[in-house]
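This report refers to the structure that appears directly beneath it.
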Amino acid sequence: MADYRFLLIQALRPPGPPASGPKEAQLMNHADVAPFLDGIAWDLHPGPVAANDFGTAETRAEFAEVGVRRQPIVREACASGKYNAIVLLGGGDPGFIEAREIGQSYGIPVTACAHAQMHVASMLADRFTVLDVAELHNMRMRDAVVQYGFADRCASIRNMHFHLPRPENGDLPAIAGEADKAARGEPSAMLEAGVRAVEAAIEEDGAEAIIIGCSAAYWLQPHLQRRLSASGWQIPILEGYRCAILQAKLLVDLGFAASGLAFPQPRPARWRRRKLV
Amino acid sequence: MADYRFLLIQALRPPGPPASGPKEAQLMNHADVAPFLDGIAWDLHPGPVAANDFGTAETRAEFAEVGVRRQPIVREACASGKYNAIVLLGGGDPGFIEAREIGQSYGIPVTACAHAQMHVASMLADRFTVLDVAELHNMRMRDAVVQYGFADRCASIRNMHFHLPRPENGDLPAIAGEADKAARGEPSAMLEAGVRAVEAAIEEDGAEAIIIGCSAAYWLQPHLQRRLSASGWQIPILEGYRCAILQAKLLVDLGFAASGLAFPQPRPARWRRRKLV
Amino acid sequence: MADYRFLLIQALRPPGPPASGPKEAQLMNHADVAPFLDGIAWDLHPGPVAANDFGTAETRAEFAEVGVRRQPIVREACASGKYNAIVLLGGGDPGFIEAREIGQSYGIPVTACAHAQMHVASMLADRFTVLDVAELHNMRMRDAVVQYGFADRCASIRNMHFHLPRPENGDLPAIAGEADKAARGEPSAMLEAGVRAVEAAIEEDGAEAIIIGCSAAYWLQPHLQRRLSASGWQIPILEGYRCAILQAKLLVDLGFAASGLAFPQPRPARWRRRKLV
Amino acid sequence: MADYRFLLIQALRPPGPPASGPKEAQLMNHADVAPFLDGIAWDLHPGPVAANDFGTAETRAEFAEVGVRRQPIVREACASGKYNAIVLLGGGDPGFIEAREIGQSYGIPVTACAHAQMHVASMLADRFTVLDVAELHNMRMRDAVVQYGFADRCASIRNMHFHLPRPENGDLPAIAGEADKAARGEPSAMLEAGVRAVEAAIEEDGAEAIIIGCSAAYWLQPHLQRRLSASGWQIPILEGYRCAILQAKLLVDLGFAASGLAFPQPRPARWRRRKLV
Amino acid sequence: MADYRFLLIQALRPPGPPASGPKEAQLMNHADVAPFLDGIAWDLHPGPVAANDFGTAETRAEFAEVGVRRQPIVREACASGKYNAIVLLGGGDPGFIEAREIGQSYGIPVTACAHAQMHVASMLADRFTVLDVAELHNMRMRDAVVQYGFADRCASIRNMHFHLPRPENGDLPAIAGEADKAARGEPSAMLEAGVRAVEAAIEEDGAEAIIIGCSAAYWLQPHLQRRLSASGWQIPILEGYRCAILQAKLLVDLGFAASGLAFPQPRPARWRRRKLV
Amino acid sequence: MADYRFLLIQALRPPGPPASGPKEAQLMNHADVAPFLDGIAWDLHPGPVAANDFGTAETRAEFAEVGVRRQPIVREACASGKYNAIVLLGGGDPGFIEAREIGQSYGIPVTACAHAQMHVASMLADRFTVLDVAELHNMRMRDAVVQYGFADRCASIRNMHFHLPRPENGDLPAIAGEADKAARGEPSAMLEAGVRAVEAAIEEDGAEAIIIGCSAAYWLQPHLQRRLSASGWQIPILEGYRCAILQAKLLVDLGFAASGLAFPQPRPARWRRRKLV
């Protein structure tokens, strides 16, 4: 039961050669995530090349393209026999539905950060808010909430208005650098925007748990948790890596990847005359 | 207002050189669809190469890949200035969300067969059933129903158990050849399965309109309409081409591609602090 | 397919002789609507006499009475053989359900402004707000949203608090005169109220498209669209005439008035043991 | 508190002079209903003339017309000062929404049979089925379920296929005469159809209470209750008169007709900027 | 029909001997409730001893314990043959589901204050807000809304932040004494908080009726009704005692305690293969 | 992270002295569950004494009473400092909500079998069916589905009609003995009923995963999984112990018991003016 062999796959990587160096250095916020990887034999795949030059996915088109580029990575990892679970990193779950379908054909569970966060948040609370970065990315989170059947449990998607790199965004508040400021104990405008957004989510939207949308904002988790606790709000702040890793452990322990009726394979042995939605 | 310049894009094409010959010959069931194209200046794009050797899309992975391969076609068509609407052919709407996003950046509406059928069916009736071909394809239709927000109006997805070409399906009932049988007035087992499925949808599931899932089953429309009417059921049978074409005409007339808030572009002029799902 | 012969029926007319003069002069905001009537052979019926002396319908009782008075007009128009679609003008759709039932018996589609706007808005966006005039009228819009099955897609009904003529309303802000002010480029308090209401709908209610409730406010459409666009919000503003006309064209092209199972006629050939809601 | 002065208003009456004779003789199934009228001072109004020659309401058009014809009766009854509640008889609640609006202006509660049954059934059980007579009438019941907000609690509308008088229905199973057969202890095909429909509703649809749709089938109540109990099913069978009378008593005791925000009157003292649906 | 023999059971009583004196003196707000008890032969049971020393129930654990302690009281009352209905006093309905189950085995209806208020509010309006006292109690009201199937009709639970006795709450605003202040015509901070909460519920949450959560706040009803009416809002303010009493009268008149399928007893005569939720 | 110290608490025990012997012998189906307890330091508490003489909980009253009797066990376990999670055994989750509230005050997660199964099933599939034993118990499962917010994901509750001991059930099919028959490879009528119920759930109700209701039927899990797989249905069959254990591990790893806003404690540091349901 305690044999966890996971492949963590980055959402995407910038054009050019993949980063080198130890996997720990390449895993965002490794210090925060390390306890959750304890006891797991894990590899890190750098992910597919991004669909744009600046190495991000925000539009639906970019997310779709990155998702498709992940397929061969997932397929190869499953076929290798080296892993008993695949963890898709990245906030918007590019390629997740297809990856689960592939995983199911090998009996290997595949988890992803938005999906796992929504499930974990639902264990802890009735309604969650997605704390997210910017308008474009919000729409991908909205699509994910709907696809995964969590519209009734999603109180809102809150937009901090901090931005990934993109030519059009040159003069807008940038995500880059904010984590470092916070780590150094300097004021971070993004962290302040996050605190305000979470408080508004609690008081106006009815949020009782927070999940984070874009993985570039996952660094906020410990900071927000401290800040909210300090101000008296007892609300769990989740982020995607820990949830996707923990869900993968659960599914490996359980022994199921997914329902074969929800993820049928070519030529199922039995078929239904009627599928209900 | 009557200036309709449409590009119809096939869902996919088999590997190898694209088909040649007049566009009418390449448009499935052209005789049925021709009246709906009357007054429209239209071109036909053969679509992207399929993600498998047998030239179909059924699994979620195949659908996603074909969807992404459609993006440059849509983008180029929008940029060409030649068209005022794009109609995505094919039953499972591969690439539709992304194509709408692209179209919105040009102010050009993009329509697709499942989406358009669901909207048209909702104008006619409270609940519709998706008449579909096989288990794999059903799941794509299920995903589309959920994504488009029609779960409450979808009575069921009925599975006829007739199959697209796929190595695993060699001995299963095939779609191929059935349309010809029906056209010749010979008995078609697929048509009979369709009639039974529609009657079950009416009597057991509460369907009051029928939409067809896989475009390889669109040929059933006139046959089913006749058969159902003959047996006394007054239920509209839709198919995707006509609905997608008519919706595209409506949107061209209306002058909107989509809401800019539902399909935001990079760096929107205004942004919202909160997105509700 | 391009043979559109429509009868447009006013919601109601004041007591006294019907207005005379060219139909164009009698169609509110004709200049705005004209492009949408291009290519359509249309007649205008002045509608039934209002249920009150001041020539409006706002209470549920007034709406119901006007709706019933429209029945013989619809029936006669269908029986005349002159029209292939009926377009019910007016914001609250008086008599629409009954008129569809009558139309269905002739195979003639009937459209109405609130119903058509909700369907079109749903094509463009996930959620719409109804921009409406006053408390009484809001309730009729609420009833329509519920009856048509759009409660989940309706973000809110926003009340501008501008009033139709009614003895009790003498000292309240009046709709009358506002359109003229706006047309002359003078400040219109109603337009300003509309702008504020739409912005609140976007920012507080999650609206991604706007439909207009009372037809006496349809004149706002081009003004609101300009104002919202100028302030950076990319949100479609609809109004009822264009949507009802375009939906009628679509249904004429499609060849269905409605589902015979949703609008059964006396002695249907087949009957169901169970109707699901 | 025990001062109940009710006017019961028939749904409609056939053309010609209204029936004469004691009110008890004119109230359908008086013997069944009498206990529920105990302690109430009640008058019976014969209702408006039907919208057709055969004295029934089944189509939406007929229901709407009868509903409007009831308005002056309700208004006059409220204005008379003689009654502290109005009970609208008839299964499909013609004119109910408008009558509540009128009643609200006098502070007088108005109840109706379908609405009251749905509320009472919801007190007793999670889901109810509407046992109804025929296809046309089913649609009116469906409209009422939706308008009143009970779609989630309505398991189904079951159709017995027994008919009100209508020229087209001459050779179809008729309601007329069935109550008398059952009263005489003779076999009634309609009662048997009702038993079958209720059992199917329990076993297939999940019904846990039964309400009856058309008032011409209210006579079934005691027979069905006995039959179901005899066969071991412990399910409450409701009918409309008792429920509408009991709800009227409750509202008179309570001292509210309805919410003034749900049924606003011309020129409300306060108004809301936003109505949520 | 007018034979009402009710046992009213308090939610709980403080440790120590039960209060003595006339039942009227022990029934909170007796003067307000008296008219609703007119014509009813009623006894008052002091209820079970509270699960804490300070004689209240607020946490879920306290509510559950008090609920179970009510069971023998309900069972004994049913078995005594003295009563034809049981009315459970108290705002959070402790033990209600179990008490209904017990009552059903005797054919005796059991009503409770939150449940009855939700049903009555739904008769009057589309959406209601629960006006409640404090965070802990709000959660019990939330659980009740969900259990009873009213989530769609519940606009919000508004928290006045006034407190029942509890050691931790010594310095927080207390409910105790507020009713007396208001009765003496002195300013009551709790009443003011209630007015503000109701106005916010109307304007922000879409409430069209108000029910009160904790029975210790039922005294607010006449004051709130006056204040809201004076400020022009025509919204019914309910409280639990009157609603539970009136619902009990209705059920006694009706002759049903509950559906035997919703509250099955050991060894039901018939059983279902499938229960739908 | 791998420090799991769990207390497993039985739902109830028969009157008389608690069973003695090794904990493994007292844990139902220990052989099936053992792999899921691997790596966990666990104790087993025999649970509270049942509310009836025959040592079961089926009625709502019995469930409530057993639930309350569990409170001191949970409280004492939390206070002992010996455990970092509590796992409530038993199918109907008696006392779960209250136990979570208690656990939250210690920061200790509490899991329960029905709740955990619903969450795990939702990770695997869109809709699940509850396979359950008998009518009385079905109602408890229904209550749990509703309370936990899974009504939309619950396809049905299927009733096998096999019974726990109860005086009234003497001649009905009994659960007792069936597991042994199946273990010996003899035919088990209960297993056959389970297979039929699951197949009906798949084909009629749209189930894509199965959870088991009563813990006395958990032994079916491996048998059903084998049988369904053998007949070609690829559907996960869950049972409660493994799901509750795995969920407890996840929550211990995660470091959250529950949201403090969903399970507030006396005198929360911050409070909300509005709770949304």
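Residue numbering begins at 1 within each chain, and the chains themselves are lettered A, B, C, D, E and F in the order written.
Note that in this section a contact is a pair of C-beta atoms (placed from the backbone, for glycine too) under 8 Å apart; a residue touches a chain by one contact, two chains touch by 3 or more.
Since this is a predicted model, take the numbers as computed values, not measurements.
Colleague: Moving only between chains that touch, what is the shortest number of steps from chain A to chain C?
Modeller: Tracing touching chains, the least step count from chain A to chain C comes to 2.
Colleague: Tell me, please, which of B-C, A-B or A-F gives a repeat of the C-D interface, judged by over half of the contact pairs matching in residue number.
Modeller: More than half of the contact pairs of C-D reappear in A-B.
Colleague: I'd like to verify one number: the distance from the centre of chain E to the centre of chain F, where each centre is the average of its C-alpha atoms, in whole angstrom.
Modeller: 31
Colleague: Would you kindly tell me how far, in whole Å, the mean C-alpha position of chain E lies from that of chain A?
Modeller: 44
Colleague: How many angstrom lie between the centres of chain D and chain E, each centre taken as the mean Cα position?
Modeller: The mean C-alpha positions of chain D and chain E differ by 30 Å.
Colleague: Identify all positions of chain B at which a residue touches two or more other chains, and write them in rising order.
Modeller: 126, 142, 149, 205, 262, 264, 268, 272-276
Colleague: Which of line, ring, star, complete or other matches the graph of chains that touch?
Modeller: Graph shape here is a ring: one loop, exactly two partners per chain.
Colleague: Touching chain C in the complex: which residues of chain B?
Modeller: 1-2, 35-36, 38-39, 119-120, 122-127, 149, 152-153, 155, 202-203, 205-209, 231-236, 242-243, 246-247, 249-251, 253-254, 256, 258-262, 264, 268-270, 272-276
Colleague: Report the residues of chain D in contact with chain C in the complex, numbered from low to high.
Modeller: 58-61, 64-65, 67-68, 71, 95, 97-98, 101-102, 134-136, 138-139, 141-143, 145-147, 149, 151, 154, 156-159, 161, 166, 168-169, 172, 197, 200, 204-205, 262-268, 271-277
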